[in-house]
Structure formats: structure tokens, C-alpha cells
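One structure below.
Per-chain numbering from 1; labels A, B, C, D, E, F, G and H assigned in written order.
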Amino acid sequence: MTTNNEIQLDFGRKKRLGFDEAIFCLQKSSSQIDEILQLASEKNSPMLLTRLQLDTWSELESRWAGKVDYDKVSMTGFFNFSPTPMLHTDVAIVTAGTSDAPIAREASRTLQYYGVGTLDIYDVGVAGLWRLLDRVNDIGKHPVVIAVAGMDAALPSVLGGLVNGLLIAVPTSTGYGVADNGRAALNSALVSCAPGVVVCNIDNGYGAACAALRAVKAFSR
Amino acid sequence: MTTNNEIQLDFGRKKRLGFDEAIFCLQKSSSQIDEILQLASEKNSPMLLTRLQLDTWSELESRWAGKVDYDKVSMTGFFNFSPTPMLHTDVAIVTAGTSDAPIAREASRTLQYYGVGTLDIYDVGVAGLWRLLDRVNDIGKHPVVIAVAGMDAALPSVLGGLVNGLLIAVPTSTGYGVADNGRAALNSALVSCAPGVVVCNIDNGYGAACAALRAVKAFSR
Amino acid sequence: MTTNNEIQLDFGRKKRLGFDEAIFCLQKSSSQIDEILQLASEKNSPMLLTRLQLDTWSELESRWAGKVDYDKVSMTGFFNFSPTPMLHTDVAIVTAGTSDAPIAREASRTLQYYGVGTLDIYDVGVAGLWRLLDRVNDIGKHPVVIAVAGMDAALPSVLGGLVNGLLIAVPTSTGYGVADNGRAALNSALVSCAPGVVVCNIDNGYGAACAALRAVKAFSR
Amino acid sequence: MTTNNEIQLDFGRKKRLGFDEAIFCLQKSSSQIDEILQLASEKNSPMLLTRLQLDTWSELESRWAGKVDYDKVSMTGFFNFSPTPMLHTDVAIVTAGTSDAPIAREASRTLQYYGVGTLDIYDVGVAGLWRLLDRVNDIGKHPVVIAVAGMDAALPSVLGGLVNGLLIAVPTSTGYGVADNGRAALNSALVSCAPGVVVCNIDNGYGAACAALRAVKAFSR
Amino acid sequence: MTTNNEIQLDFGRKKRLGFDEAIFCLQKSSSQIDEILQLASEKNSPMLLTRLQLDTWSELESRWAGKVDYDKVSMTGFFNFSPTPMLHTDVAIVTAGTSDAPIAREASRTLQYYGVGTLDIYDVGVAGLWRLLDRVNDIGKHPVVIAVAGMDAALPSVLGGLVNGLLIAVPTSTGYGVADNGRAALNSALVSCAPGVVVCNIDNGYGAACAALRAVKAFSR
Amino acid sequence: MTTNNEIQLDFGRKKRLGFDEAIFCLQKSSSQIDEILQLASEKNSPMLLTRLQLDTWSELESRWAGKVDYDKVSMTGFFNFSPTPMLHTDVAIVTAGTSDAPIAREASRTLQYYGVGTLDIYDVGVAGLWRLLDRVNDIGKHPVVIAVAGMDAALPSVLGGLVNGLLIAVPTSTGYGVADNGRAALNSALVSCAPGVVVCNIDNGYGAACAALRAVKAFSR
Amino acid sequence: MTTNNEIQLDFGRKKRLGFDEAIFCLQKSSSQIDEILQLASEKNSPMLLTRLQLDTWSELESRWAGKVDYDKVSMTGFFNFSPTPMLHTDVAIVTAGTSDAPIAREASRTLQYYGVGTLDIYDVGVAGLWRLLDRVNDIGKHPVVIAVAGMDAALPSVLGGLVNGLLIAVPTSTGYGVADNGRAALNSALVSCAPGVVVCNIDNGYGAACAALRAVKAFSR
Amino acid sequence: MTTNNEIQLDFGRKKRLGFDEAIFCLQKSSSQIDEILQLASEKNSPMLLTRLQLDTWSELESRWAGKVDYDKVSMTGFFNFSPTPMLHTDVAIVTAGTSDAPIAREASRTLQYYGVGTLDIYDVGVAGLWRLLDRVNDIGKHPVVIAVAGMDAALPSVLGGLVNGLLIAVPTSTGYGVADNGRAALNSALVSCAPGVVVCNIDNGYGAACAALRAVKAFSR
């Protein structure tokens, strides 16, 4: 059982950081999430939910289905969300493989929630280099590029030599053996031979989106 | 002895990425660096040298002293450099401790080389929180903040909740024991509780500067 | 099947250490735990059970429900427990997030079992610094503070610069990717930039409570 | 060359935490340390220096010898130190081996600097158990025990079952191979089978002393 | 489906090494194990099965129940086993905790299979040192001692200073957090401060038994 | 739900690399795989499926059973496959144990798909050296040898001193404890004392087969 | 002092493996190497020396200078070497950076010693992709390609999608921080997204050359 | 400066364990070692010194040369040693390579000190299998075999299938890259496919000798 004192929502974050709090649901119980939604509901506050796994959502669905726009691939939910007019499409999101789609989608859903449009290009890893080279011009037009890749994470390195915007790598936990749940990809991205690649935690599409949002907002103020 | 075929300089990088190649000197022999400077000299090309250790520089100094502006704290050298008029001061560089100064300076020297001014604030780690809070307003005015910190890297987490610009963490190898040459700081920054912190390799002040440069240029084109 | 010779209860511990033995149930079979309770029952000895998972408890419940006060959030059980008059409230327990509640509760339940009161303050992590600063005065009045935090464990570092009592960090396994089941938090706490932070094993709320108890008792003898 | 802005001394720490700042010298240049001493000198402030290696000290000695009480085994220095009357001898410091002496001495020198007396017992590791058992009564009379041990760090586990005060383990980097510069000892101490052992970073005698100091002061206020 | 060519039983091992082959069942399919038993049956050969998990055994039980003496705690099975007269009781098996019982039993069952008797003493870890000291004389009478311990594995270190026979440590995967599935115990045993402790893989009770058997047989030939 | 843009099949790979794309199914959803098969079906293209786990296949079987030749031991599927006449038997595949069979079979199935015959010899690990020595002549006749081994991976080292063809080691995740899911085997193979052993990722039978295929094709063009 | 019984040269290796033994000098004393050269001299046998560091060579030079062709970049020596007519140029050696030259040269010197010619192309890493694409046709004509790269090792992944011969990756220890002395590169190469990349130990140019030699010889017998 | 209280020699060890204390000199200062020798001298006690590096010995030599028999390869010293009549030659010591000689010699010197003879066979690693097979009969006659090997440590696995005595593996730090200062060898030995191999810490020739001594003495009492 949860009691109120386990939860202190940060309703002032929007004012401080320009975007309101998101709720990371992975290690919260469904009763904790239920209580959080109740608090947001009372304040009539919108809320972004991340890592809301399907089975946790199933326990909440009967009560909150009408209020939450849930996407099971990205495991994100929009609570009390009213679509805002999109800013320009400032961010390109590129994945190396098909298996990276959920993380890429966590990023694009997060940016959508905060009003930033994205160009999403999937499965253009460097083992088939021409798939990527065909799209480089489109990608390079965006001031921010999020590169989502697991295994050897060669994608951000190659992109880093081809596009000149802010390049954020999101290593993913795809692969097996020494892929080590994304550590090989993480380390590879951190020591990229291309200059100025910055990196988020493994599978952290949400974090990459927030970083993109920070850049977009900082330079438009 | 070095022969020409060990070195293929990327003189086209400026056109592609908006900034020219830098030479990472750490694991190059002095004869390799000598040859690189010779090639740049022949092209009358400027060049940024990073991780040029004092003893390597000593072997090169007699020949190149007049042409290279060398800074021993940051181990950077500017070859054939003509100061460009500064862009606005777009980047704040903040360190947790005094020992983080060399890395912070690698970042500020790199940005200076590429024409971006910086506000440098050192030794404001969170163990003495008021040192940081006193400067938060100044820091927060910059669209890009580079936070340089070793050990527990609590600085980017605290800053991440206080400023809303792009926040780039550079973990440093200060500390001992489980600080593990910067790994504790790196991991701490990657799993920061503050949203949207992005991270560079340990001690990679140059990389943080390039990322800042990517953002500054992308949003001013 | 368990036979008596697998278990040697340390009924002399209270005399030696001032607190009686607790049974760590995680890797014991339900038949081993059953036998332990039987032995305690025969001696009419009280007993604290930790890491008693819900499904293990389910196997024991029919027989022991009346004798054990079980709390499923903290996975602790009090056997044969008679509430003692509380000592002063000597220990503040502070968590960074909502997900850290079970570990914090393991600590407060353990202290309650041994007769020490606690002030519990949850979800005041440093990403929303004001939540913490609002409570610092209350926290600082306690001679012992237990800081429970996962991910980057920035909380003990910030607290370590603000309060002057004994500060015990309990890293938790919240987070994912390089959070690495609490290792990032552990290492971060061990290399805290604040002086004199001491650390327990990951998720070891019980250990933190015992350390607090050692201090409280040592200085009141 | 150092400039003032690399250093922000925390002269308010004593008021906040009850003990003034110590300077960790390991990764600071001798010119940075020189400047710090100059600043302290101007404020007529005492200062504790830790990890001041002999060769760094050699560069400072000609200027500061009269003002700094330097101890080469523990690599500590007392600047501007006037002996205060000792509090009771509150802390026992115990080492497993002869090689652990420098770290133990860092702890005892730190406590001496802050006015707390210590009982120092060296080389009583558990491979020769009777050496330890002979001294257990003396050790157990102290409310705080600091156990300094490398390799398998069995000492804090055995002590933890024999004494009932606050027990702080300092793993040391003695040993080779899988001793792994103290990691085996660190992990061993963190998972000690004895209840309520708390742990500091590898070789962090200073940290253990600060934790002891926190406890001694908190319970005497 | 398995085909014969996946399995090459080493029926000559007894002649070479003095003990016949054991079948490690953990990563074999039940059809592979079934085929192995069939081959042994055809040769009328006895066989020791290790790591035969209960659910795998369930699939084999209907066919082989009468022929296999299965013990679910140690997950061992004796196939076609006829008790041999015991040699002297040459081996003492000692565990630190109750949770180490399954591994200790894997060792004692293996020795029993090969005709060596054991003295089994459980739950005498060093946190309650007197439990161990009470039994040291009995233990020390055996030429070979197997010490089974997880977490900090302090038991073999303490024993190593008290008994003079061959001392084989088996680290176990008990514990959590930095216990790291037995790695802390393993490393602790490998860097034991007691001289001449030898070590087996984590949870490898079978291996310890084989090593004991090698010693017993080598010195009795 | 999957949308087309998550998948960009590389139908040009055969022309570039001489073998067509294989689909790694492990971290793809059944709907993604379904769509891939649909795309291949439309192009009338054959396709190799790897790491297609039984439960994923169960979701696809009703629709694709007639078109896919599925092997549950190796978790491979041949889609739209017409047997080609075999090239010579160019590759020997050797395993250390019975548990390595699934990986060896992934390799032999992959080679079969691409038209290369194999000699498969299982369970000849070096603990029973004569099993291996009996077969060395047969093995040594092949220009490429794939050695599949877990645990200590001594097999490739011994083979490397006995056969002179290209020797590809595939470490497997058999074993437990410090076998560490194949890392001990991987590292052992990488530092083999035999000259010229090359290594694939843990359990990567598919990769070893592709490497063999590269060699066979390169030298027959 | 060395005595003969520390050294057992394997003069039969050439017959077994087709190439004679090389002497890895890194952890041998100069007196051990001296003795090895003496033994080879007595047998009038040629010998390849690897990892012969300059300072070790300096101790041997006075005695062996005329007999050993020493190359200080690759740290290799040819003893008693008579150039054989080259086979075709079968192997392309490609490096990502200038710092990878020593390892590449160890590979080309080894192949030269055994009579195989090489095409050496240096400093064509993927951050400046066009440098590589310009040379891909030349590279692709060779049946064996050795790709030498540190940091993120993106080079073998990109090459693996462009050339169809046997592709051997040699990760190098260039870089710093999480490059971790070549581990990031190693792991990246092992989990390459390109099919059939095989990998050697970090900095093992000699091993890559031996693997190439195995392939070249196996397919020409 | 050392004071007596840093050192507590365990002169009772011989009585308890059957062999007297050895002094591990690696992390002791020369003044600490000097004092230890002085104490032993006063008691007229013999003493074994291990890991006494040449430069430390140089500082002690002028005073103790006549009393210490120092061997620089094994870095061991015998103080006050009078040769005892040898027991039978009970232990075979076998190394994989020439570089393993110092560790093997540490073992044989230790056994010599305690009166046990050894058969030393060096450089018979499995890459040249016949070198080993030629000596297997001699090796197998000894009840205890110590196998010293670095890199992949395949030697103990192969020996483990060929000899039936107690087999103690000593992994060594020879090799580079993923050899990781002996960790690959250590892990390989711990997960050996041969039954009953026991393992010491990396480079711990002394420990292996003590274990052998424990066995020899236990079975001869």
C-alpha cells in the first residue's frame, strides 16, 4: 500500500526547466502510479508516463483508459494531453536496426508530447551503407539528430562525419554476448572517432528527447 | 620513422562539418606529429592539437615554437591560428573541483579556437552547495552548459534541475579507488536523475566543446 | 527437506552485539525458514525476518500468520514481537525517489523492531533541489541520517554538505542500463565529494539500520 | 600556471559541518596547492592536507616547511595547526596487516587534527586469530572502531561479530592479482556477514575519520 | 531431437583419472540426458549426474525413477549405484550459512558416490565466531577441509589460520548486490590472508569434491 | 503494430557480399518478422532466419509453416529455400561438449543454406584428449575449422597446434559462475597460445559460418 | 640467470602448421631471449621475434645486430632471414588512424617474413568516410582484409558491408577513458553489425597475420 | 619511519599450521622489512621472504646480505636458513611458457624452504602438444602437480585429463590485451573442463606451494 508521503511531485519543474515532470514507471508499483495519476488529475496537470510496461498498464487500464493515450511499442502514456501546434520539425531520429524501433519511438513520442516534430528513419545501419547515404541529405537538414543503435553502434560514428548538427547517440540493448545489454554500444558511442558525439544511457530515448528539447528551446528563447 | 602513407589528413572536414580537423596527439609519435604539422604548413592550414603532452612538445618545440601557441595545462596547441572575432559567449563551463581545471580548459581552448566565447566557473562542486547556487543565474543564461566533474559527478545532476539549456557532462578521472579513473563519474552522469543530461567520454573536454559547437552552429545557420 | 544440522541460530548475539539475530530469508527455502521459526518458538525468542518474499511468505502464512507481523513492501516480518517504548527519534531516513521506498522501509522497520524511532522523508531527490532544501533543517536535527538513493546517488553528496550528523548512504537498484542494478549508485556514494559519507551494500536497508543502531547504542551506553 | 578562479575554498564548512575543509592534494599541481596555502595563510586559517605525495611536498617544502607539519607515511600535512586538548579517546583503529599502516595513519592523523584521540592496533589480521582475540576487549570499549584491511578484508567481518560499536571498514589496496587494487576487499566489506558494517572508498582513511568525527560530534551535541 | 553424434562418453576416464565421468546436466536437454542414461545403461556403467534440476528430472522420472537415486537439494543423481564400503572419513565440509547447504551437499554426495565419507558442519560463519571455534578441533582432524561460503567468504580465511590440512574454498552465490552471484566470495577466497587456500568455481561443490578425491587417492596409492 | 518504415531489407547484399541477408530474430517482435517474411515473399526472395525462438515461431507457424524449414535446436529457419548442389565439404565443425550442439548446428545450418557442406564432430573436448586426437586427421583435411567451446575454451588452443587451416573459435555460454555466460571462453580464445586463432562473439555460430563462407568464396573466385 | 630447462623451442611447428615458431618477447628477460637466439643459431634456424621492445633490443644489439633485422615501429625482428620470393599480394591491411600504424606494421612484417605480400592503407577511418570509399575497390580485390582500428572500431563494420573477402579485425589500444586500452574496440568488433567479421586480441597484429597465413596456405594446398 | 607496533609477527604459526610465517614484502617499506628481519634475528628464527623486489633488496643488502639467500628471478629470500634433508620429491611443477618461470620458481623455492623436493618442467604449453605428452608419465607419478600458465591457461585443463593427482593451477599475468594481467587465465582455470582442478590467485606461486605443503603434510601425519 502506498501512502502520500512516498511521492512528492515536482509541479514547479516546467517553470524551472521549461518542461514538466515525466513519471518513470519501471520500478514503481501500480498503486504508486495510480496515486500519481490521481494527484495530477486533482491539479488538472498533464503528465508524460515512460517505461509503463504492458502488464502494469493492464492493472491501471480499467480506471484510466479514457485519460491516458498509451503506446505499447514505446511503453509511453500521455495523460491529460491536448495536442499543441507543432514547432518546426527540428529533430531527425535515425535507427540502425528494426529492433531499435521501441527506443526511437520513446524519443519521438516524448518530443511529440512537448510539441516538437520529428523525422523518423529506421533500419539504416552501416552494414548496408547505401541505405544510410541515400538519406543523409534529409537527415543533415535538422539541427538535432538522434542516432539510435545497438551492438557496435557504428551508426553515430558514420553520421558524425556526415552531418554537422548536434548529434545525440542512444545506445540500445539489442544484440547478445559481448553486446552486454548495450554496454558495447555505449562504449563505442562514447569513444566515437567522430568529433562531438554526445551520449545518453542505454535505451534512454526519453533522455535523448529531453536533451534535444533543451537545445531547441535554449536557442529559440 | 614515419612515411607519408600513415597519415591522411581530412582537409575537407571543415566543409562537411563546419569545423576543421583536430589532431589527437596522445598516441602519435613526435615524428608523426612533426609530419602532420609539415603537411598543414604546406597547405597553409590552421590546426588544433589536443593531448599534446609536455614531453612530446619538448621534442617538437625547437622546430615549431614560433608557429604553435601551446598551453601546458590543457595540453592544447593552436597551429597557424589567427584569432577570429568572437561569437557571443554562448557556453558556460563549470567544474566541480580544482583538479578538473585541465579538462575544462581543453574545452574552453577548443571553443576559443573555433571562435566561441566561454564563461568559466571552477570549483563549485555540490559539497559546498552555496558556491554553486550563487552562480546559477549566470550559468543559466547560456544556451549551452558544460559541467566538468569527477568522483560522484553530482554536479551535472544538480545543475540539470536548475538550468534549462543544453547540458553536457564531462566526467573526469579525478579521485581514486572506485572512482576508477572516471568510470564512477561517467556512470553517474549517464544515469543522472536530471532529465536530458548528455555525456562525453572521460576527460573529453575537446568532445564537449565540439558538441557545443555543433549546437551553436546548427541553430545559427 | 531440511535437517536440524543446517541451522545454528546465534541466540547469544544480543548479549555480544546488543541486538538479536535477524534471519535473511532470500536464499533460504520455506522449509528452512519454517524450521527456524520453530526453533525460535521453542525458545520463545523474538525474531526479525528480512527479504521474506511474498511468495515464500505465502507458503508459511497458514502456519505462522498469527505470530508474524508481515509487511509486504519492505518484505520484513516481526516474529513474536512486543512493541517496546521508543527511544528518541534518532534517525532520519531520506529517499531520492518513490521507487526507493521499499528499501527505506526495510530500514525503518528494522529500527522500529529494535526500538528506535525514525523520521521518514521520501522522494526529495536533487533534480528538484527545493524539495530537499525545504526539509534540510528537520533532517539535520537527527544525529544519524540514512540517505537512500539509486541511479546517480547524488542525494548523499548534497546532504553530506548540508548536515553534520553521521550520514549512511544506501545505494538502491533503481534505474536501468549503466545504473547496473545499483552499482553506479554504490560507486557514486563511495566516491562522494562530501566528507565522511559511509556506505552499505546495494538495497541493504537492514544493514544501514544496524549501523545506525550501533551508533545510537554505543553513544548511549 | 594557476589563476585564482580555479580555486573556491569553502571557509564556511566548519560552521555547516563542524569541521573545516581538507585539501585533497593528489591530482592538484604544486602551484595549485601553493596558491591554496597562500589563501589559507591570508585568512590565518588552519588547514588539513591529505594525499600530499612526497615529491609534491618537495616542491613546496622550501616555502612552507615551517608552517606545515608533514608526515610522509600518511602523506598528510597540518597547516597552521595548534594542538587542541584531546576529547576522550573515542575511536579504535585496527589494521589487518603491516602494509595497511599508511591508511590507518591517515585516519589517526585526521582525527588528531580535529581533536579526537585514537587507540591504534596494527597487524592483527584473522590468519593469526589469537592476535586479534587478545585485543578485542580493548577495542570493544570504543564507541567507534575503524577496521583497515586489504585482500579479503575478513577483519571487519570477524570484528563485526565481536564488538558492538559503530564499525567502519576501510578496504585497502594491498595485495595483487584479484585483490585488484582493493576491490576484492571493498566488495568483501560491503557484503560482510556481520550486521551493520559500513564502508568507505578504498584507502580512504580520511573518509573513515570524518565519519567517526560525524558520529562523535553528533552524539555529543 | 538428439542424435548419437552429439555425445561421446568418456568411459576410459576411470582408468586414467581413477574416477568415472560425471554428467553435468545444467545446459543439456532432457533428451540429451535421456540418451546418455541409455548409453550408460547399455554398458551397465554407473554414472553421477550433477546439476540435474527438478524440472528436468520431472521429464525423466517416469522412465528412470527406479534407476536413479535423485536428491533435490543438491540436484544430484546416482545412476546404477551400488554403495561401496566407505574409506575413512577423510573430508570435513563446513558451511558459513544455511543457504550454502545445497552446494555443500553436492560435495558430500559426490564424495559419497566415489566412496569417501564426510563430516558435515553447517552454518558456522564467522559473524558468530564461537560456533566455529567450538568445532575447530573436529574439523582439524581431517586431512582435507572444504569450506563453503558466500558473501565475504571470511570462513576459509579464518579456518586457514586454524587448521593445517588441505583447505579447499567453494565460494557460493548467496547474497545480493555486490555479492554479485558469488564473485565477491570468489575473489575474497582467492586473496585470502591465510596461506595455501585453494579455490573452485562459484557453487562448484562437485569440483571441490573431485579435488579432495584427487588428494585422497594420490596419497593412498 | 509494425509499420513498413521500421524495416529496410538489404536485397542488394548478395551482389555486394556474395550472400543474401539473414534476419536476426531475437529482439524482433513476431509482427516485425511476419512483415519481413511478407516482404521477402513479395520479392520471391529466399531468406535465412536466425535466433528464431520456439515461442516466437509458434506465433508465426500457422501462417508460414509450409514456407519455412524450421530447426528448433539451432533456432534457424530457411524461407523459400531450394537446395543447391553442395560445394565440396570445406568446413569442419568441432565442439567441446554436448551442450555446444545448438551453436554448432546454427553454423552448419547457415553453411548448408549457402551451399557449403560440413563435417560435424561433437563432444571431443580436451578433458578426454584421446577423443580429439582420434579425429585430428579428419579435421585437419579441411581448409576451415570452426571450434565451438564454452567454459575454458581449451579446444581451439589445442586444435590450433594440430591443424593448419583457418581456425575460427566460437565461444559458447555453457558453464556457470565465472564462465560468465561465455566471457571466460571468449577471453580464453582471444588469448589462445596457438597462433592465428580468430574469434566470433559468444554463441555466434552464424557469424563463424559467414566468416568461413567469406574465406571459401574469396579463394574460389 | 636462465637455464636451458626454461625453454623448449618447438622446431617441429613448421611441419605441423606450415610456419615456424615466433618468439613473443614482451615478458621474457633479455637473457632468456639471448639464449633462444643462441639455440636457433645452433640449429641454423630462422626466427621471427615479436614485441621486442627497444630497450630489451638495446641489451641484445651488441651481440646480435648483424643477425637480426629489427624494426622499431612494429617491434619485430627477423633472425637469420633470407627473403623468399613473394606469393601474390593476398592481404590488404587497412587502419582507421595514424596511431594504429605499429600494429598494422606488425601484421605486414609478419606476413613478409612468411612470404606473403600486403597492400597497406592507413588512416582511412569512417569519420572521414570518403577517404575509405576512395580505396574500397582496391581493398576489395584481396581475398583477405585485415582491419586495424581502435576506439569505436567502426571501420571493420563499414568494411564488412563493402568487401566480400575474409575480414579480420584487430582492435587496438588507441584512445583513452572508456576506450579502456582497446576493450571498447574489441567488443565493438565482436558485435559488428556486418556478417562474418572475425576478431583477434587487442593489438595482436601478429595473430591477424597468422590467421591470414592459415587461410592463404589452406586454400593453396 | 616504522615503529614496532605496526608489526605483530606470528611466531606461533608453525605450531598451528606446521609451517612458519612468510613475509610478503611487496607493499612493505624497506624499513618495515628491516625491522621484521631484526625481530626474527633476535628470536633466531628462520624466515621466508616473498615478493622482495630487487630495488627493495638493494636497500637491505648491505646490512643483511650474509644472512639472506636471495634469488632475483623468483624474488624470494631465505633468512637464517639451514637446509633440511629433503622429503621425497612429491610435487611436479609444470609451466606453459618461458615467461612463467619466475612464478614457478617462487613455488619451487617455497617448497625447498619447507623441505619438499620438486620436479620442474618448463615451457610445455599445449600449442606444441607433444612437448607435454612426452613428459606426462613423469609428471603423473607425483601426488601433487602445480600447473603454471598464463593467457588461456589451457595447460591445467589438458593435464587435468591426463594425471590423477591433486592438480593446482596458478594463473600468471603473462600476455596482453584481454589476457588482462592474468584474469583470462584465472577464469579459464576456474572453469576448467577437467574435474577437480583447484586454483590460486594470479601469480601466486607461494600460495600453490603452501597448498601442496598442506596436502603433503596432512597425508603424512
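Note that a residue touches a chain if its C-beta (ideal position, glycine included) is under 8 Å from a C-beta of that chain, and two chains touch if they have at least 3 such contacts.
Predicted, not measured: the structure shown is a model, and the values here were computed from it.
S.K.: Using the touch definition from the top, what's the fewest steps needed to get from subunit B to subunit D?
M.R.: 1
S.K.: Comparing F-H against C-E, which pair counts more contacting C-beta pairs?
M.R.: The greater number of contacts lies at F-H.
S.K.: What's the chain with its C-alpha centre farthest out from subunit G?
M.R.: Farthest by centroid: C.
S.K.: Which of these, A-F, E-H or B-D, gives back the F-G interface, meaning over half of its contact pairs coincide by residue number?
M.R.: Looking at which residue pairs coincide with F-G, the repeat is E-H.
S.K.: Find the geometric centre of each of subunit B and subunit E from their Cα atoms only, then give the gap between the two centres in Å, rounded to an integer.
M.R.: The answer is 56 Å.
S.K.: Could you give the separation in Å between the centres of subunit A and subunit B, each centre being the mean of its C-alpha atoms?
M.R.: About 27 Å, centre to centre.
S.K.: Just how far, in Å, is the C-alpha centre of subunit F from the one of subunit B?
M.R.: Centres of subunit B and subunit F (C-alpha means) sit 44 Å apart.
S.K.: Going by the contact rule already set, what residues in subunit G reach two or more other chains?
M.R.: Touching at least two other chains: 13, 127-128, 161-162, 175, 177-179, 183, 186, 190-191, 195, 201.
S.K.: Which two-chain combinations qualify as touching?
M.R.: Applying the touch rule to all chain pairs gives A-B, A-C, A-F, A-G, B-C, B-D, B-G, C-D, C-E, D-E, D-H, E-F, E-H, F-G, F-H, G-H.
S.K.: Quick check: in the complex, which residue numbers of subunit D touch subunit H?
M.R.: Subunit D residues touching subunit H: 73, 98-99, 101, 120-124, 127-128, 130-131, 174-179.
S.K.: Give the list of subunit G residues in touch with subunit H in this complex.
M.R.: Listed in rising order, the residues are 1-2, 5-8, 10, 12-13, 24, 26-28, 32, 36, 51, 173, 181-183, 186, 201-204.
S.K.: Inside the complex, what are the residues of subunit C that reach subunit B?
M.R.: Touching subunit B: residues 96-97, 125-129, 151-154, 157-158, 160-162, 175, 177-180, 183-185, 187-195 of subunit C.
S.K.: Of all residues in subunit C, which touch subunit D in the complex?
M.R.: 13, 16-19, 22, 143-144, 161-168, 186, 190-191, 195-201, 206-215, 217-221
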